[in-house]
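Here's the structure we're looking at; comments come further down.
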Amino acid sequence: MAKELWEGNAAIAEAAVRAGAEAFFGYPITPQTEILEHLARRLPELGRVFLQAESEVASINMVYGAACAGARVMTSSSSPGISLMQEGFSYIACSEVPAVIVNVMRGGPGLGNVAPSQGDYFQAVKMAGHGDFHPIVLAPGNIQEAIDLTILAFDLADKYRTIAMVLADGSLGQMMEPVEMPPMRPVRKPEERPAWALTGAKGRQPNIITSLYLLEEEMEKVNLRLQAKLRQIAANEVRWKEYSTEDADLLLVAFGTVGRVCQTVVREARAKGLKVGLLRPITVWPFPSARIAELAARVRGILVVEMNAGQMLEDVRLAVEGRCPVRFYGRMGGIIPLPDEILPQLEELNAEVKG
Amino acid sequence: MQEEIIISGFGGQGTLFAGQVLAYAAMDAGLHVTWIPSYGPEMRGGKARCTVIISDQEIGSPLVRRPSAAIVMNIPSFEAFEPMLKPGGVLVVNQSLVPNRSQRDDIRVLYVPATELATEMGNVRLANMICLGALAKALGILPLEALEQALDNHLAERHRQWLPLNKQALRKGAEFAL
Amino acid sequence: MAAKGMVIIDENRCKGCQLCVSVCPVHILKLADGRFNIRGYRPVEVTDPEACTGCAMCATICPDVVFTVYRRKVRREQPATAVATGE
Amino acid sequence: METGREIPPDMELIYKYPESLTPKFTHYCPGCTHGVIHRLIAEVIDELGIRERTIGVAPVGCAVLAYEYFNMDFCEAAHGRAPAMATGIKRVSPDKVVFTYQGDGDLAAIGTSEIIHTANRGELITTIFVNNAIYGMTGGQMAPTTLPGQVTTSSPRGRDVETAGWPMKMAELIGMLSGAAYVTRQAVLDVPGIRRTKKAIKLAFQVQLAGLGFSMVEILSTCNTNWGMSPVQALEWAKQNMVPYYPLGDTKVAEEVRALMEREHR
Amino acid sequence: METGREIPPDMELIYKYPESLTPKFTHYCPGCTHGVIHRLIAEVIDELGIRERTIGVAPVGCAVLAYEYFNMDFCEAAHGRAPAMATGIKRVSPDKVVFTYQGDGDLAAIGTSEIIHTANRGELITTIFVNNAIYGMTGGQMAPTTLPGQVTTSSPRGRDVETAGWPMKMAELIGMLSGAAYVTRQAVLDVPGIRRTKKAIKLAFQVQLAGLGFSMVEILSTCNTNWGMSPVQALEWAKQNMVPYYPLGDTKVAEEVRALMEREHR
Amino acid sequence: MAKELWEGNAAIAEAAVRAGAEAFFGYPITPQTEILEHLARRLPELGRVFLQAESEVASINMVYGAACAGARVMTSSSSPGISLMQEGFSYIACSEVPAVIVNVMRGGPGLGNVAPSQGDYFQAVKMAGHGDFHPIVLAPGNIQEAIDLTILAFDLADKYRTIAMVLADGSLGQMMEPVEMPPMRPVRKPEERPAWALTGAKGRQPNIITSLYLLEEEMEKVNLRLQAKLRQIAANEVRWKEYSTEDADLLLVAFGTVGRVCQTVVREARAKGLKVGLLRPITVWPFPSARIAELAARVRGILVVEMNAGQMLEDVRLAVEGRCPVRFYGRMGGIIPLPDEILPQLEELNAEVKG
Amino acid sequence: MAAKGMVIIDENRCKGCQLCVSVCPVHILKLADGRFNIRGYRPVEVTDPEACTGCAMCATICPDVVFTVYRRKVRREQPATAVATGE
Amino acid sequence: MQEEIIISGFGGQGTLFAGQVLAYAAMDAGLHVTWIPSYGPEMRGGKARCTVIISDQEIGSPLVRRPSAAIVMNIPSFEAFEPMLKPGGVLVVNQSLVPNRSQRDDIRVLYVPATELATEMGNVRLANMICLGALAKALGILPLEALEQALDNHLAERHRQWLPLNKQALRKGAEFAL
C-alpha cells in the first residue's frame, strides 16, 4: 500500500477517524490544534460528531457523557488543557467508561511555550486526577507509531473500559513522515453499543454510571477492582522497542521523540566503538520495568534521556533497584537534545562504570 | 546515504513548502524522509525554517545541529548555518537578499540571485523553487524529474496554475549547480 | 502658504498596513516603494508635506504609534492629547 | 405499601406511585422539596411515555443520588458539569431524551460556563434547576442565589451585596441566549404552584421532543434543614422572601414553543 | 524616532507617543487593531495620571505579551481567568487601578464563568474586551462571537448555528448583572469610532476610580490575518458584518455612572 | 499556655489567621468546609479578605492574583477541587509567587466519598499541574502539627516563592485534640509587600509576572532556576519524626493519620517482642530519602502503610534501592487501617526476612 | 353518607414533615403520636376517613410519595394522573 | 492508663456532644485525649458516633476496633459494639430504646432508662448526659466534678439555660454505676 506524507497531528486525527471514532470534543491549543481542525472537516462530512467545546473542562465532561452513552469518543489537548481535565479524568476512571485522550506536550510549567516537551510524564503515568488510578499511556516515537497507537488506544480503552492516552510532544505533532494510513473501520452502530451503556432502560433494568460510593467498604471494593484492572493491564499490555541491546554494555532509555534521537546516538556511539543499546518504551504506563530490570543486570550502566528534568528516570530507577548506575541527561523548555550532546554523556558514563 | 538539509528564511518565502516538495520527491523515490518545521513567535513574518532528512535507512533524529546541505534565503539564516555546515556540504544562498560571502573552502557554495530571477519570471514567490532546483542538482540524490513529479502530485489545487512556472524555476535554479 | 500641520514618522515602527493611507483626508500618505525599514516593512511616507492639515487621523488609526503630529497654533488652546480624541 | 384494604368498586384511582420512580426511600430531609420535584419529573415522564428512552444526569448536590430514585438510565456528573455531560450524551444519542437535574451551586456557581454555553448552542436537552438559595449538601453555605442579608455558614453576617454581589437570576440570564427555546421560573411552595411547575416541566420535555431547542425550568424550592426551619415554615419563608426577588413566569418562549403551547391547550 | 527635523515655533504638539507604552515594537500583525486599543488604553491612563498605580492583567491570546508593551505593573493570567486574577489583586490592593485585557475566546469561551461572576460581584475592575470574532493566536478557530456562516479553521463550512449556536452578545449578557455599573460596546473600525471608544475606555476607568462597580468595554476589532484580508479590507468587513449583529452603544449605565457622565460633559 | 480543644479544620483555619494570612479564596467541599466557614467569620472581623469564589478554578486564580500583589494568601479544598486547580498551580509555580494550599483528602477517584484518604499523594508530590515542578508538601499527623505546619507553610511559601501545600486527610480535619494555638502575628502592611510584587510602578521599573517564555532557551533557563530551587528546598527543608528506630529490626514508614496509627502499632509490636521502629515523614516533598536509605541499610525489612494503593511506597523504594525488602499494606475508599490489621503484616514481614 | 374520596398511606415512606397536614382542606391529617415507622418517623394518619374529598392535595405536596388517592366516580371521566396536576 | 470510648446513636441524640464533654474534662485534667466523629450519609438523622480516647501518654491511633467502654443509644449501636467491647470493659445501654440484653459475663453492663428519665426531667435531649454520667462513674478515671466543670466552661451560650439540668442528668446517670 502506497505511503503518504502526513503531518503528525493530522495523522493522529485521521487515525482516530479510521479507528471508528464517533465523536470528538475539544478546544484549540497549540501545538495540537491541527488535530481539532482536521476533525472539524472530517467528522461532519462522515456524519459523525465534532463539537468545539467552550473549554477543556467542558470537553472532557462531554467526552465523559458520550462515553457513558457507549460511543467511541476522543479529545485532544496540550499541557495546560490537560491539567484542566484532571477532575474529569478521575470521574471517567472511577466510572470505568472508555475514553481516548491525546496530549501533545508543550514547554511548561505555566503557559510556558509551544515548543516540544515531555514535562507531563508524571501527570500522565502517575494519576488520572485525584485518587488511586492512572490511564494507559502510549508514547509514539514516529508518525507511523502515532497512527498505530491512536488506533490501539481506542481498542485498549474499550477493552479495559479505561482512559487510554496518547502522549506525544509538539515536534511529533508538527513533523511530516511517509506513513501507511490504515483502511477505514466501520463505525459502531447505535444498537451495537455496550450493554453497560446508557441507551435507555428499554426491556432491562436501568443502567447507572456513577463515581459516588458513600460507604467506605463499597468505595474500597471499587478501588480494589480498579487496582486489579491495572494489574491485568500491566500484565498484558507492556510494549517497548529495543535497538542493539543484545551485546550492549551501556543502555539508553528514552521515549517519544528523544527515543528516536537516541536511535541515532546508538549508531554514532557504536561507530565510535561504544557498545550502546537503546530501550524505547512504547507504553510508559504500563512501564517495561521487568525488561529493564533484566537488562540492568547485564549492562554496566544506564543513561536516561528526556525532554524534562528527569521523570521517567524514577520509573527506570524503580525497575533497576540499584542493579547498575543510572544517570540522566535532559533538556527543558522545548529543546530537543541532539546526538552530539548525548554522546559525551555516554562517554562519561562509560568512563565512570569502567573505572 | 543520508542528507540533512535545512531550508531557512522569513515566513512567506516558501521555505516550508520547498522542504515538503523535497520530502515528497524523496518519499516517491522510496527513501526514508522526515520534514520538521520551526517557527518564530510572530504570528506573521519572522523566521520560518524546516529540516529535511533523506536517508536510505530508518531515520533517527529528525533534527541535526550540523546539516549536510542548506538553503539560506535571508541574512540571519546565512549567519546561523553557513558556519555549521558539515565539511563537503552544499550551501545555496539567495544572493538577492544575502550580500554575505562564505569564507569556507570545505563546502560548496552556490550564490543564486533567486528573488531577482523570480521577479523576472513574474512571481517573487518562485525564489524558493529556484533555490531548491540548485540544491537538488548539486546534491544529486534526486533527479529534477522527481521534484517535478512531486509538484505534479502534491501542489495544492488553488496553486495549480503556477505548476509550469514552478517547474521552470526548478530548472533555472539547477543551472547554477552545473 | 505654510502647512497647517506636520507629522513626524517613526519609520521603523511602521508595518506598512496602510490604515493611515486609507484615512488621510488629503491623501498624502503612501508606502515607500523599494525601501524597507529594519523590520523588513515598506514604511509610510508623506508625499506632500505642505498639504498636511494636522488632523491627526493617521495617528488616531495607526496601530503602531508611528506618528507624532503638530498643528499650527489656532486661537482657542486645547489640551495636547485631547486632540487625538477629536474633542 | 399498606394493603388488605379493599377499594369500593365506585372509587377510581386518582393518584398512584409513578412508574418512573424506584421504590427506594430517599435520603432527603423530611419535607425537602427535592422529593416533590423528583415526583413531578417522574409523573411527566410517565405521561409522555418516554421512560425507556430517557437518560438523566444527576448533579453534585443533595440530589447526587437522584439515580437511585429515578427508574431509568442515569449518570452522575462532576460538580457543575451536568450540561456538558448531557451534551456529550445527546450528541451521540439524538434519539434519546436527556435531562439534567441541578442545584444552584451546581448550575449557577461552578457550572455557570457549562449551562450558558449548552443553552446558547441550543442543545436539545432539558434542565431542571432547583433553586433553594443555598448549598444544601455541604451544610448550608452561600450560593449565588442566596438572598441579600440571608445568613449562611459562609455569610455569617448575612449576604453582603457589596462584597458578594446580588443574587443571580439564572432564568433571566439563560433566557437571553438564542439557543434557549423555553425558560421559565416556577415554585413548588404550594399546591397550585406545584401543579403549574408540573405543567412547565412537561412543556420543557415536549420542547425537547419537538427538537425546538434548549429548555430549562428553574424551580424555587426550600432547604428547611439549612435554613433552620420546619418544612412548613420553610415554604412560607420562601414565599415571603424568594418569590418577590425571583419573579415567577416564563423568561423565554420561542415562537415555535408558543405554537406548541397553544396546541397543548386545545 | 526620526530627528534632525526642527519644529517651527508656531507649531504645537497635537499627538505624541504615550508615556504608558514602552518603546517596544509589538508582535502584532500589520494593521491589527490590538495595537490601536493598546494605544487608547495608554492614552487614557496618561490622561488620568494613574500609570503608577495601575496593574494590568494580560490574557492568553494574541495580547498575551501586552505586558511587554504597557509601561506599568502587569501580570499574565491563565486562559480565561484574568477576571479572577484581577479580583485577587484588587481585593488585596483596593487602592490600585486594575484592568484586564481579554479576547473573545478568553472572555466568552473558557472564561465565561469568571467574567460573569466577577461582574456580578461588582468587582472594582475594568475589563477591555476585544471582540474580533475569532481565535487569533491559535490560528483562526471559531470563537463564541464568530458570525453565522463565518468560515474559520474549526468551522470550515462556516459557523452552523444549528450545531454551534448563535454568536454570544457579551455586552448585553454582562450588562444584565447587578454588579456591572458600566458596560458598552464600541468599535475601532474608523477614526470616529476610535475616538468614541477612547471616551468609553476613559469612562470605564473613571467608574472604577469612583468605586461605582464593574466596568467593561467590548470593542469590535479585526483579525485581518485569520480573516484572510488586508487590514483595510478587514475594517470594512467588520463594519459590514459585525456591526449589524453587534449593535454599538451602552448596554448598562448605572445611575451613579450617568451622573458621572454628565459631570464629564460639563 | 493553656491548651484548647480544637477541631482539625478550624485549627488549620485559625492557624492561617495567626500566621498573618491577608486573604482567603475558596469554595466549599466536604471534608474541609469548616476551614472556609471559620475564615468566613474570622477574616472579615479582622478586616482581612474572605471571598467565596464561584469555583475552585476561580479560587486558585484569585489566589494567584493576590499572591502577585504580594499578599499572604491561601485556599483550601479537597481532592476533586484540587484536581481543578492543577492548571493554576502550574502557573503559580512558574511565576514563582508564594501560595498556601490545603488539601484535606477524601476517598476517590471521581466524586468518591467524604471519608479520609491519602489517594492524592502522587498528585501532591510529583507535580504542580503540567510541567516540571512540585510544591513543598507538609503532612501533619495530629492537630498540633496541622497548626504548626500551616504556619510553616506560609513561611516556606514566602521564603522560596513557591506553593506550600498542607496535605491532610478527612479524619484529621474532623477530629478534636487539645492544642496550643500560637499567638497572633501582625499582618504585613501593604507598604511591606515584597519588591517583586505588583504594587504599582511608582518610582521604579514595572514589575512583570508571567509564566510565558516563547524562546526555548529562556524557558529552559527558567526551568533550571526552578530545579535549582527545588534542590535547595530538598537540602534545607526535609522533616520527619522517628519512633524507636534506634534498635529497630523492622521499620514502619507511614505519614499523616496512618502515621500516628503506626505509633500504636510500634507499642503493641514491641509489647509482643518485635523490635519495630517508625519513620513518619512530616515533609512528603522533600522526602526523607537519605534517612530512609540509612535505616534501610540497618533494618531487615520495611513496611509502608498508607490509605491508598501504594503511592509513597514508590518514594520509599526509590530511597531504599533494594537495600532491604519493602512491603506494603494499604486500605482505600476512606478506611483507616487499624493496629490490629497492621500488626499481622509486620509479623509476616518478620517471618519473611528472618527465614 | 359515604366518603367522596379515600387515601392509602404508605406509612414507612412517611417522614412526618407535615406538609400534607398543612394543606389538607378538611384537616383530617395528623401525625401519629407515640407510634414510629421503620425509619423512626411518626407517620401521618387520617383522623376522619369519611371526610376525605379525594382532592389529592396531600399527594400533590408530599415529597415522599406516601399517598395513593381514590375518588368516587363523577359524571365526566378524567385521565388518572391528570388529577394530580389539578387539570 | 488508656480508655477507648465509643458513644454511638442516632443523629440528634447528642452523642457527639457527650463525647466532647468527656474530651474537655480529660483535657482540663491534663490528660491526652482525642475525639473523632463518624457520620452516616444522611443529611439529618442517621448514625452519629464518636470515639474518645483518653490516655496518660501520647495517643497514637485515634480509632479502635475494640473499645474499652461504650455508650449505645440505639439498637444498631448495641449490635455493633456489645460484641466488640474489650474484656473488663464498660457498656452503658440506653434501655429506653434498646431492649437487647448482653450475654457477655466478661464486661460490666449498665442498663439505663435514659430517654425515659430525660423525658421525666423535662427534656429528652438530656439522655446523653445521663448515660455519660453512668459511664464516667463506672470508669472512674474522671470525677463527676470534672465533667460538670467541662459543662461550665464549654457549654455553648445558647444552651446555658440547660446547665443545671445537664449537671443533674450527669448525677442521675452516675447513680446507675454505684
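By written order: A, B, C, D, E, F, G and H. Residues from 1 in each chain.
Following the convention adopted for this analysis, contacts are C-beta pairs under 8 Å (C-beta built on N, C-alpha and C of every residue); 3 or more make two chains touch, one makes a residue touch a chain.
Just so it is clear, the structure is predicted and the values come from calculations on it, not from any experiment.
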{"item": "Taking each chain's C-alpha mean as its centre, the one farthest from subunit E", "value": "H"}
{"item": "Far-end chain from subunit G, centres as C-alpha averages", "value": "B"}
{"item": "Centroid spacing, where centroids are CA-atom means, of subunit A and subunit C in whole angstrom", "value": "55"}
{"item": "Mean-CA-position distance for subunit E and subunit D (Å)", "value": "37"}
{"item": "Centre distance in Å when subunit C and subunit D are each reduced to the mean of their C-alpha atoms", "value": "61"}
{"item": "Interchain centroid distance [CA atoms averaged], subunit G/subunit H, Å", "value": "41"}
{"item": "Junction residues of subunit E, two or more chains touched", "value": "28-30, 64, 76, 78, 109-110, 112-113, 117, 137, 144, 163-164"}
{"item": "Sites on subunit H at which at least two other chains make contact", "value": "41"}
{"item": "Where subunit F touches two or more other chains, by residue", "value": "51, 54-55, 57, 80, 87, 91, 95, 111, 210-212, 214-215"}
{"item": "Touch list for subunit F against partner subunit A, complex", "value": "57, 79-80, 82-84, 86-87, 89-91, 93-95, 105, 107-115, 117, 119-120, 122-123, 126-133, 210-224, 226-227, 308-309, 311, 314, 317-318, 321-323, 331-335"}
{"item": "List of subunit B residues in touch with subunit A within their complex", "value": "20, 23-24, 27, 32-37, 58-66, 154"}
{"item": "Contacting residues of subunit F [partner subunit H, same complex]", "value": "3, 5, 171, 174-178, 257, 260-267, 336, 338-340"}
{"item": "Residue ranges of subunit A touching subunit E (in the complex, touch as defined)", "value": "27-30, 33, 36-37, 40-41, 44, 51-52, 54-56, 80, 111"}
{"item": "In the complex with subunit F, residue positions of subunit E that touch it", "value": "51-55, 57-58, 64-65, 67, 70-78, 81, 84-89, 91-93, 95-96, 113-114, 117"}
